[in-house]
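What follows is a pair of complexes built around chain A, which joins chain B in one and chain C in the other.
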Partner chain A sequence: MIIKEITIENYRSYYGRHTIKFNDGLVLFVGGNGDGKTTFFEALEWLFDTTKQNIDFRLVSKKKIAELPDFGSDTLRVSMTFEHDGEKIVEKSFSFKKNQNNEIRTEDFQFKGWYNQGTERVTIHGGKLLDRCFEAAIRKYCLFKGEDNLNVFNNPGALNYLIETFSNIRHFDPYYTGDDNNFGFTDFAEYQSRKAYEKAMKSDKQNSQQENELSSKLDSLRTDLSNIRQRLKTNRENASNYANKLNEIECSKEASSLLKEINERIKSLSEKKSKLENSVNEDYTIKLLDEMWILCGFSGIFKEYQKKVNAFSKEKRRLEDEDKKLKGKQEAYQEIRTLNEGFIPLSIYIPDENSMKEMIEEEVCKVCGRESKRGTDAYNFMVDKLNELLKSQQLTEKKDEMLPFPNNFSRELEQKSISLGYSQDELNNKLDTIKEVIDFNEARKADIKKIQESIDLETENKKKLLAQNDTFTEEQLQNAYENIRNWYDYRNEAEKQIILLEKDEKEVGQELENVQIEYNNLAKTSVASTYSKVYTVFSKIQNAFKYAKEKNTRDFLSLLEEKANKYLEKLNVDGFYGIIRIITTPDNSARIALQDKNDTFVTSPNQALRTTMYMSVLFAVSELTTIKRENDYPLIFDAPTSSFAPQKESDFFNVISDIKKQCIIFSKSFLTDSGSLDTTKTDLLNCTIYRMEKKKPFDNLDLSTIQTVITPIK
Partner chain B sequence: MNNKDKMLQSVLSDNNLSSFYEYNAEDFPTINDALLADNPVVVAVAKIINGIDINSEKSDQKEIYNEVFNYLNRNML
Partner chain C sequence: MATERLYDIWAKRNPKFETHFEETLLRLFTDYGVGSSDAMSSKGKILGAGYELYIYAFFVGLYAGKKCELSGETKVLGQPIQFWGNLDSKKFRKAYPRLREYIFTALIAKTDIDLIALEKGTITEGQAVDMLKDTMEQYANYGFHAIEEKMKLNPNYFYKTTGFLDMILDFIRKPSEESNSEELEEL
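On to the complex of A and B.
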């Protein structure tokens, strides 16, 4: 949308009809105080308001009212011709009439619009046409009154509004909201598929007991997680609210050199404290074993240990000797027996136990094929042979049990005794080291404590200073101080809670994941296996939508930041300007901040730098709007450069005139001390300039003599 | 590339989803490509994006859910 022409008729100081032509670059209106700059701006605001019929008689030119004869009537009108896919017009008007009591009655409110369709001119309601071509969401980022209102993030909902209006985030809403009370599709699908999966699991009687346990555990963990997240959200909002309140107060006192000094002292003390904290190393538990500090406290016990290990070792060697002797005797006996019999007997296991028992029972030797009746030598030989076999089996088992030291425990004890064999000197050295480390840490901790006391003291002073106000009584001052102290406490408490809750969220989330895996494993062997897979797909798709939505927001903000920084560089030709950062907070609000290239925040930029910073963001928003809507929109500012030095103003307007964008700026720049236009400066500007001034003569005390005239300068 | 194709890309690009179900998001630049994919999860995402209209009623959710659920039920191995 490009404004081509604006007509103002009988609107406050605009007596009669004034028609102003616009081009699509910078249009500058220059006028002093009370010359009608803000009135022009407000006339546009009145025209663009599509929400209500404002026909307040106070909008009517006092001069016109004064000149109106009894029962005479006239019209107040503001109209705009603009280009937006063809030429269009919107016009708002009402008529006013003077009655017999000299009172002004207003009536006949009209809000009309016209556009061309082929060769035909179509009439439409002006509000509808305006909302179609220059909707409220866009208008919010196009009109700015004064230097203090340039911050687009000046209220908590501003970031969300900006993102929802100009990014594609709204497109995600039908798919994912993450809101239990307003499901997007993937929220709905995840919920439904989970219910179907759980139902299928419950119908499988095979695992019903385990299923019951796991599903009730899952329900309980989900409830816990939801509660933790809710509390986390509340605490994050609280921390952010109180931090913002404190930040606001601090900004309002930024001029105070006392506050600057306190802040510098707190910063320096905090840095010192942080360095000392880093130098304290109290990982004593690790050193107990890694560096064997533990021995220092147990030298007596260690000696006893060494004594016992020696005794065990000696006893072990004695038993091993005896065992060897016993084995030697048995082997010798076997050898002698073999020599006496003159032949090598069969193995004791031939015939086997069962065959032997069978032969004894049947009284037959099946080795030589002869009868061996009970009581005969042959029979007795078989019985002896069986007994010998049974005995040998028992002996073998016993032999295995009797192995004296099947494990290496005593050897390990000996090795440990040797490796831990520190001398008393070495232990004394260790004791000295421990003492040194502990003394060092304690000294640092004492220093940290002292610094913390100083920080607390400075913080208290800061709170008192922030509470100060020249207009406060002592009681009010005390109340303000109490408030600030409470805000500090609330913020600190909320921040502490956030740390704890984040830890809980992580732990419960992990546990939930583990139980879900257990539950899914149970499903693998049941009829619910496919339901489990389908649920997993829906759950993962839901997460993918969630991350895509978050990424969309991040991408939008980083694009905004990138574009804003390009404008900031252009608007600050000389001197420091820094880097714009859009900092989002957990409660989804945002603030604009300046950083230098070392990531140090510029806490108190001067007003001119602050203004160019906010304007850069506005230009960036406007550029994104143009891309998003495939249409351009004007930016209209009333007195945005009040804090600029004259040279900076000239540079600023030159830069704006080079930006390919329709900018309409009302300013009192380029006026000399006597109030006339400084043409040596305006000649250097490459833009359209109008001069606004009060028509002379006028009566300083009579509003009905005030009339604005607008003269084109270039 | 229209808005639905852009959304398809941003959802399929999710590392967790693409590594778990083993597909390459760049192989499916449009909804039509994704609807013809062999990977049932890619098809499911395309069906969801294609089926849900920005201005659709909540009641449509059930219908699309049933369609995608049945599709996955038949095709998830």
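On to the complex of A and C.
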């Protein structure tokens, strides 16, 4: 929609009829205080209000009323000619009459619209026409009064509207909505193919019992998941609402050095706490296996093993000796000569090869702890025993066959006994290790508890500080404190719930996926196999649309950010300006924030910076919409630059005049101290300028002498 | 002559358990039936592979000094013993292959095998290993029943950080009657 012409007749200071022409770029109305800028703006607001019939006599020009003869009547009218798929007109009017008591009566409210159809002019209700061409929601981004109302995202739902109207997301609607009550094609196809698939599965008698079980499991998991997601959404909204409330209060108290100190202490305590938390590892169950803590009671059992293996080995050797003895082999007699001394020798594997070599080299028997110098019987005994061990390792199969024991598991068991026996100490110490780790963790947890108490105390002080306000009575102060305390509790509770619910969401989602796989596997062998494939395809298509829609939203927001930042840079040539971030909140609304390049949020930018920040977003929005001309609309600002320094104002208007966008701005810029227009400045601007002023002479004390005149300057 | 070690023959086996424990315990605490995954904690599972709970149950039976014959429908675990505790693919976990050797020694200690007959070849190593596996299954089976019993009394017992550890420590602090009597014998 592009405004071509506006006519104002007898609307407050606009005595008589005023028709103003517009072009599709910047149109600037310059006037001082009381010159009718805001009145013009409000006349447009009145025209654009399609919700109610306002025929308040106070809207009527006082000068006109004063001039009206008894029983005389006239009309108040605001009309707009605009371009939107052809020229159209809306006109709102009512008539007013003076009665015998000099009272003004208003009547005959009319809201009309006209548009051309071929060569014919069609009349239509003005509200309907306006809503069709310039819908109510879009007007949120159109009319801005003062500097304080520029944050478009103050309005919940504004972000969604913006995305749906101006991104390509709208094009997804026929295909994907994700809304059970309003299917898009892929939602519908996924739903129908799933139903058909389930029906086919149910008709398959072979798998009916399993199908029943799995499908009821799937249903219940789907319900669970949907409930969890609903609760998650509510909790996210709550957490974000309460966090915003607390954030606002905190921002308003930002200057307080006391608050800064408290925040610093809380930060340092939290860091300390998190460090301690990281040092606590209570994965005791995992340690049972990974650290083999589970062997903490094993030493008795291992001794039992050693005892059994020793007894077995001894018995085996005894039997071997007996066997040899029976065979009467001289060689065997020599080997077991020690039997004559009345004992069974140790297994040839004990001590092991390495230990034997060590003892020979050092000439010490480490079994009995005595010296055994080279050449002594003891030394020779050790050498013989080592040779015997080495020889036994080279025994041929043939020799084995001659022995009574074809197997040699005793050796394996003995070796295990030796090798694991080296770790006996480790086994015995397991209980101590467990105790140490538990004690360590408990001590850290006690420290953490103490730190948490300090954090709680500081937080409590912070709440009290935030509640403080010089103008509060004791009771109000108490109430404010209670509120803040409750918001903290609600926020913390919601955040806790979010963590739990996110975990649940993941688990149930995973389980649902597993059961779905099981269900699909069941289909593979049944007649429902084709239905299953069709369903899988539609489900994948639906997902593809879902991801594409999400990606489109992200892309749109980053494009919006990118464009907004370009404007912000232009509008703040010589100062700090930062980076605009559009942060989406879980409840699908958005927040405009300013960051510096180190990602630190600028919590309270000055008013001029704040204004340019919000306007940059508005311009970015408008730029995105010019790409889609059918959704184009004018931006109308009343006094948006009150806090700007003069140079900044000039830069500002120059930037705006370069935008290919219809912008209507009412401002008192470019007026000299004496109240006249500073043409040296306006000459530099490349836009249409109208001068607004009170027609002279007028009586300072008589409203009925006030009349606005509008003069085109350039 | 046997060419393979007894341990290796045993480690190739895949022990059995009573099928119903799959639903009531294994799928509850482990990734059993889901396939291998790095993200066990993300699914809220306390242990990784199914055999980890099996090992735990075995030690419960072992420390309690009680065995329980398997009854009803049974099934085997997914992985043979030789892979237990290798865990190479798991993040944030340590491998514990030596635990298998300790389990083996416990089975030798607690199984009534005629080792001399085994050495003579009058019983085969296959038969001996069957006996070891049987002992293992019976201890683990007792363990599973004991875990289930514990959960009946307190459904959250194993969800405390010390739950699994406490059950083991309880046996160590209060040695079972069997091990008491063994100690007495030794004395």
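Brief remarks on what is shown
Following the convention adopted for this analysis, the second predicted complex is superposed on the first by the 395 of 714 C-alpha atoms of A that agree within 3 Å, B and C clash if a C-alpha of one lies under 4 Å from a C-alpha of the other, contacts with A are read in each partner's own complex, and residues count from 1 in each chain.
What we mean here is this: contacts are C-beta pairs under 8 Å (C-beta built on N, C-alpha and C of every residue); 3 or more make two chains touch, one makes a residue touch a chain.
All of these numbers come straight from a predicted model, not from anything done at the bench.
Of the two partner chains placed by the overlay, neither chain B nor chain C lies in contact with A:318. By the touch criterion defined above, A:413 lies against chain C but remains apart from chain B after alignment on the C-alpha atoms of chain A. When the two complexes are overlaid on their common chain A, residue A:370 makes contact with neither chain B nor chain C. In the superposed model, A:506 makes contact with chain C only, not with chain B. When the two complexes are overlaid on their common chain A, residue A:188 makes contact with chain B while staying clear of chain C.
Contact comparison for chain A: of chain B and chain C, C touches the greater number of residues. In the superposition on chain A, A:309 contacts chain C only, with no contact to chain B. When the two complexes are overlaid on their common chain A, residue A:17 makes contact with neither chain B nor chain C.
Once chain A of one complex is fitted onto chain A of the other, the partner contacts of A:327 are absent, as it touches neither chain B nor chain C. In the complex of the two chains, the chain A residues touching chain B come out as 168, 170-175, 183, 185-186, 188-189, 192-193, 196, 530, 533-534, 537, 540-541, 543-545, 547-548, 551-552.
By the touch criterion stated above, chain B contacts chain A in their complex at residues 3, 6-7, 10-14, 16-17, 20-21, 40-41, 44-45, 48-49, 52-54, 56, 58, 61, 64-65, 68-69, 72-73, 76. Interface of chain C with chain A (complex): residues 1-2, 5-7, 34, 42-44, 46-47, 52, 55-56, 59, 62-63, 85, 93-96, 98-99, 101-102, 104-106, 108-110, 115-116, 118-121, 125, 161-165, 168-169, 171-172, 175, 179, 182-183. If you check the complex, the residues on chain A that touch chain C are 282-298, 300-302, 304-305, 308-309, 312, 315-316, 319, 397, 400-401, 404-410, 412-413, 416-417, 420, 431, 434, 438, 503, 506-507, 510, 514.
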